[in-house]
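Provided herewith is a single structure, encoded as structure tokens, for subsequent inquiry.
Chain nomenclature is as follows: A, B and C, assigned in order of appearance, with residue numbering initiated at 1 for each chain independently.
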């Protein structure tokens, strides 16, 4: 008996084996993988910040923020770096997109969540998913070769490149996003709340608008904000269909330029690295980044802060 | 020498075991010794700490981030909570069967071979032998020998639980912990598992948590009654049920609470 | 919150609380009007939902009408050209395959690695929350900003130049958040009792992950990876930024070659004023959509193939 216990002494003692070493390496390697996305953020902020700061040693920040003339790609004598026209162009397109996407997206969400029977949902949801997966270059082509000609049959004086065509298509692009996020928010409203309203004789419409939508409001608004953030950052549709004319305008039939399409224009032209025009890519990129980041944070804040507790 | 011999009949010795979940104390100064080749039943109302105690024996509590443990559990003259202990080696010796059957979504064969493979066994012949032996020990071989390649999740609940027992036996543990192994099963499957436990105690030490006092009385040699994190009484099963020392034990087994 | 309280709660702040309790007492004409309103709204909601369907139809019709006749064997075998009749998509097609081919292993390792770390190893502390917040914000960064990053970091700083590798690295960072989110969801769907069963037999954490967690969650992970890759295939802006050239008369031979990809070739054609180039663009889009569709179909196939009863 004593021998038995002696023989097994140290049975559970840890031994240094290859497997042990391997086992302890793995979490370190995986942590390194996880850090890549942190480094990506740092890389984005770092590169944007560095070049933007050096840009603003040459261009006054005040002129950049308040200037209404953007001629960054002209020769040096005529260069002017007022970002407002690019922001105006971006907001014009985003506004048009919002007019298209918010009502249609919300209505689709209400339909899918409150009205549609499972069969219809089974058909419509994948179609919306496909729509969400269509590359933006294809949307750009669609804007230029379908929507613009269509609009020009109504408004013959409108130019080939215009804000409204791009805005409409950007709106179409974000419909699936708004619809699916809003629908998620509405589906999360417990059935008991709906049933209580139905039991009082409410129609589906009344239940949807007076019970479900208010209950899911934070999620719905968050989806709007996220959709608009996506619209602000959208590049190819506006590059193809909205033109390249930075201008302060509220006329949707005008050709305009957004922040994103300026970045493409400047990067695909032959401006040498280190020139002011090149630096403008980073300054505008930073502006765009701040816009979208703030909107994403806002969306997260709304959906967390006003989360309904059922 | 005599005392040495009797000492080593205890495969597990628990001394002053405290377990905390965060601020909440789940076990308070538990003292208990468990002999080899016995069946020990742990009984008590929900939340009394019996499952926590069971999980302390193979250090499954370690998975809960806020857990804190004081005291010692000795197996083979080693404190299993010592820093130098290899938890994987410990768990190989102290197997566990869970409340609800939890076979992997793999074939029956791969389920039983899982443990040996994890511990480095690659030889197909050896694995075949282990699988057959374990399934026979778990009284499942005849029912599944023609469909070892089928998915384990297609078995009935009782078969799944016996498969889980076979899976545990495959790594040749010394002690088997069972956490209410029959609570999700029908009476016939339960009877089969109870029968199996009687068979297994010849080779293994079995510690079983049960909600069911009749079950404890039927299958165990010794019974421990837990209440609010305390080990109230531990005795030979027939003594504990017929002649409890503590009033609380009597109240519980006569159904006055819990 | 009880149902009644919830309704009261939701009416708070509204100018005119709807008199729900009076419904039964009102005369039928009022009820009829409400029913009529409901029916109108139903129609409007349905129509709105159908907008998506119509647009998809119009879009496909537009592309097929413009491009179908131009999808010929020559289109696959020719390189880009000044002359529309001789222009083809060969360089772009192979360029896309190259970029995606390099992106797959990178995303797979980094994406799944991160997901495993966050789900299986990381403690729920501040640092972990920071990583999660970071990932969800990264998912909202416009793709063109990733292009700026790729241009600065890979093309210039790392000296990779305008090459396939630089393109793949940029694409990897771009789709990483999507892959991570999908992989985390798949991994967290693995029931804990399977992990416990594995641990209880003395398996180590990594053995448990490799033998139980990953096999169980792989279909979900693969679906996510494929969907992310189909996003990468259609991305134009970041690769435009890092300077993938559109006038290339060769297919990449190795990873440090210059390259172009299909969306850039399409963009190049769209930007040409002549109508013939629009047809080429449409033809290119058809090929691109066909690739995307088959990838999506594969993802759906995977999802159904592995959606077994026991999951």
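The working rule: a residue touches a chain if its C-beta (ideal position, glycine included) is under 8 Å from a C-beta of that chain, and two chains touch if they have at least 3 such contacts.
As the structure is a computational prediction, the values presented were derived from the model and not from experiment.
Asker: Taking every chain's C-alpha mean, which one sits closest to the mean of all protein C-alpha atoms?
Answerer: Checking distances from each chain centre to the full centroid gives C.
Asker: Max contacts between which two chains?
Answerer: A-C
Asker: Find the geometric centre of each of subunit B and subunit C from their Cα atoms only, then give the gap between the two centres in Å, rounded to an integer.
Answerer: Whole-Å distance between the two chain centres: 47.
Asker: Taking the mean of the CA coordinates per chain, how far is subunit A from subunit B in Å?
Answerer: Whole-Å distance between the two chain centres: 53.
Asker: On a C-alpha centroid basis, what's the spacing between subunit A and subunit C, in Å?
Answerer: Chain centroid spacing, subunit A to subunit C, equals 13 Å.
Asker: Could you list which residues of subunit C touch at least two other chains?
Answerer: 204
Asker: Quick check on subunit A: which residues sit in contact with 2+ other chains?
Answerer: Residues: none.
Asker: Of all the residues in subunit B, which ones touch at least 2 other chains?
Answerer: 89-90
Asker: Spell out the part of subunit C that touches subunit B in their complex, as residue ranges.
Answerer: Residue list for subunit C touching subunit B: 123-124, 191, 193-194, 196-204, 207, 211-212, 215-216, 308-311.
Asker: Mind listing the subunit C positions that touch subunit A in their complex?
Answerer: Spelled out, the residues of subunit C in touch with subunit A are 1, 3-4, 6-7, 10-11, 18, 20-21, 23-24, 34-35, 37-38, 41-42, 44-46, 48-49, 51-53, 55-56, 58-59, 62-63, 66, 109-110, 113-114, 116-118, 121-122, 130-131, 134-138, 140-149, 151-153, 156, 173, 176-177, 180, 204-206, 227, 230-231, 233-237, 240-241, 243, 263, 266-267, 270-271, 278, 281-282, 285, 288-289, 292, 296.
Asker: Mind pulling up the subunit B residues that touch subunit A in the complex?
Answerer: So the residues of subunit B touching subunit A come out as 1, 4-5, 8, 75-78, 80, 84-86, 89-90, 93.
Asker: Report the residues of subunit A in contact with subunit B in the complex, numbered from low to high.
Answerer: 1-2, 4-5, 8-15
Asker: In the complex of these two chains, what residues of subunit A are touching subunit C?
Answerer: 19, 22-23, 26-27, 29-38, 40-41, 43-44, 47-48, 51, 103-104, 107-108, 110-112, 115-116, 124, 127-128, 130-131, 133-142, 144-146, 172, 175-176, 179, 192-193, 195-197, 200-206, 208, 210-211, 214-215, 226, 229-230, 232-236, 239-240, 260, 263-264, 267-268, 273, 281-282, 285, 288-289, 292-293, 295-297, 300, 309-310
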